[in-house]
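A, B, C and D label the chains in the order they appear, each numbered from 1.
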């Protein structure tokens, strides 16, 4: 037998009379006073963001919330078809597809830029310096036969509209930090190395912006997942109004296409 | 062989040049313009909320985001301990604990109130009428030996501070609808039936408020899960700074308590 | 501070020198001596099954292991496409689709039969008695406008080949208990009530057999999930050899159909 | 519009009259004829294992099925406490903790041994040759400051009893292949390089045995997860008989320790 230890947390706590969140009275100082994006940032950093930081952060969440019938969306709808009693299961299953390929670029790009920046003793102060660092960075990747995270998009080949917009919002809020500066410079110089012009993609610029906001690098993917949770709820709501999951299922399972649409249907009575 | 069908969605879509979300230009009209709570509401209802609706909705999300070391938080931390490479797995595992007991009261209460209201031909217009309906409702539950969702709390026995605050915010925004009105009346009259005074709990009032906002009843639990996703990211961030998951694990697994703290540790070299 | 408690378990335990499972020396008495189906039964009941019980149990697992491109299989493949680094995520996502509709019939049928049997003071001893109970059971369900779990199949309209085979195996092993007896009687008498002949489906007979084996009713779905875990590994193995998940994804996401098949492809270099 | 494609699978398929699994008649040739371990092997490789292969495979599954209160077990119990309606969620959450640390050693060790073997033009035919290869292997890891997967255990410091037993079973069945041979040699020679004797652990020897059986290296973790699914069902069954999850929860959440044990309890009526 040993003494039982206590586990500290600076997040939610309560006593008989009070509930606190992040050290503040939840009911009086948080509810009705703090927006949800602002709160998510605060929970992750234990530092309340400025209005400008909140705006950049929420712009990132908007950029990543929903991209139509991605695997995450298809999976959430199929899981709901199959286990409609468990909304938590449908959301969790969709999020499990937010891994290294889909949604992963955000984290990969933020980490990649960070690693480059960490190796510098001093950071550039103007565009020419960023361009030189970017050129060296793209060349090193090319020599190692590795691609540059955030560069290229299979659909938006002439430019991803999210990228200039997020850079603009960050600039408006005075929040263009070194990650965004390096990412922009990569966009300017990579044709010199690669011989063709590729777009800076939206997932990548989101990673750069999140890193500039000082959010933990190990959790950049988590913010993409937070955004996607809202998107998946939207997908479920649309599925409830206009179901397509059963049609998707049957389009794959051609050989088992049933005569009536409901597998294990209650044709017993 | 058959013709391949297309699946419609009003959420995210894109072409080579454009990306739209909810029918709006994502980069120009959504990013930087729409807060995250507002966007989550919009995605779920395909109706842009008013600022007042957004404030009530975000107050609910704040109320449900994090309650300290709940099962959801413990599970997310333990999953991260065990599989640190998969942030999506840690979040998904935590959300799977958001079921019928924890986080479920929000949905149960919203649905319960809705079912009572649906049975009425006309709704009361003043407190006396709501009290009569509430009295009949509590009596019917008592006779059926069923409890009233949202009534009672194991810690906040003298009142849950979130409840009056959320009612106040809804009133400030002119958004006290029939679900909140009935819930408040239940709070006033239940001692007459039960012989003791119980608090209206925070999870319950959140369900009433979400139902009054017109959010889909089948997805009320999903909004609690969205709020909790932000909380679980906070828990992961705290775990990265001050790890406790291994201590929690070892406190349960007393007999296997290792000499060095890292199971399967690289003591090979 | 309080004393720390210990949690007992009769499953796995270890000391510096020994490892036990279910109270037996794992290395000496379990490994190489106990088959996997036998072990799964033993873990769930803490009673070692007879060879006959093992055979019936493994026949059930075989019947439920894989049904082709069900939602569980599609989801596991899509999750692997999207997050190939997390095999645990791909399996977990697929299992989350094993809920009330798909895979749920096994549990529903076992529980339904059990509830009928529990209401009887004495059980029939011959077919005529079982037929009378079955007739009453089907009539009661029809009057309540509820269907009989396990009755009907959307594909195998003239009979599900698994049903007679599992009944035969149980009979060979002397393990036809009251759940299988009642289920068989329902198969004989339901046309008198319903006016048409429906097959007893394979998921239903599996539930009856598992209940006759004395496995916990609350976990009948869990055995279907265990069987399906083996099936999903088969699906993943096939996906690695002959990938189809990306084609499935693109068949749904027609509007976003990329020119090159790899979303977020490394076209950077 | 385009023609709809069909997706081939060699696993489960059905028509109105027949159900096949792996090309065999499910009811006639698989149910009652094929054990569950044998079937899982067959599904993963599309090759029916010999009785000896099945015995080795099932010995591995036994070795990995349950290790007491590991994170996987704690998580499954806590998820069930919180969402008792969703057995699939409780199992899926537990499996999500089967990642790179817990359960990952099996895959890491199998892959590591395989990479060493692939680099050899010819493989040794006797112990002296294996020892030379093992010596070179351990030295290379030491120089790279990387540990040898499968070497060392935090509890079984004088030897993991599973390791000699699995090697013995493989030898009895004539199934000691190059992965097991190299692993055994590492056990013999590593003290010359490391200056101390470490045990070959059970998770590692399982990876070596699975690789020798020709199972897909990318899925070695999946077999550990299959074994653990059976273990987690055992944990759930024990939790139903002797609940401890609420005590575990309360031991962590000291400050919120409720007066009555049931959070959100129905104290309404």
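Just so we're on the same page, contacts are C-beta pairs under 8 Å (C-beta built on N, C-alpha and C of every residue); 3 or more make two chains touch, one makes a residue touch a chain.
All values derive from a computational prediction rather than experimental measurement.
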item: If a chain touches subunit B and subunit C alike, it appears here; value: A, D
item: Centroid-based (C-alpha) most distant chain relative to subunit B; value: D
item: Of A-D and C-D, whichever chain pair has more C-beta contact pairs; value: C-D
item: Approximate Å spacing (C-alpha centroids) for the pair subunit A, subunit C; value: 36
item: Distance from the mean Cα position of subunit D to that of subunit C, given in whole angstrom; value: 21
item: Inter-chain centre distance, subunit A versus subunit D - centres from mean C-alpha coordinates, in Å; value: 32
item: Per-residue overlap in subunit A, given as positions that touch at least 2 other chains; value: 4, 7, 13-15, 67-69, 83, 85-86, 88-89, 92-93, 96-99, 155, 157, 248, 251-252, 255-256
item: Arrangement of touching chains [line / ring / star / complete / other]; value: complete
item: Subunit A-touching residues of subunit B, taken from the complex the two chains share; value: 4-5, 7-19, 21, 25-28, 30-32, 34-37, 39-40, 43-46, 55, 57-59, 61-63, 65-69, 73, 86-89, 91-93, 95-99, 103, 155-158, 160-162, 164-166, 168-169, 172, 202, 216, 218-219, 221-223, 225-227, 229-231, 233-238, 240, 242, 244, 247-248, 251
item: Of subunit C, residues touching subunit A in the complex; value: 1-4, 67-72, 74-75, 78-79, 81-86, 89-90, 92-93, 96-102, 104-105, 141-142, 145-155, 157, 190, 194, 198, 201, 203, 248-249, 251-253, 255-256, 258-260, 262-269
item: Touching residues on subunit D, where the partner in the complex is subunit A; value: 4, 6-7, 13-15, 83, 85-86, 88-89, 92, 96, 251-252, 254-256
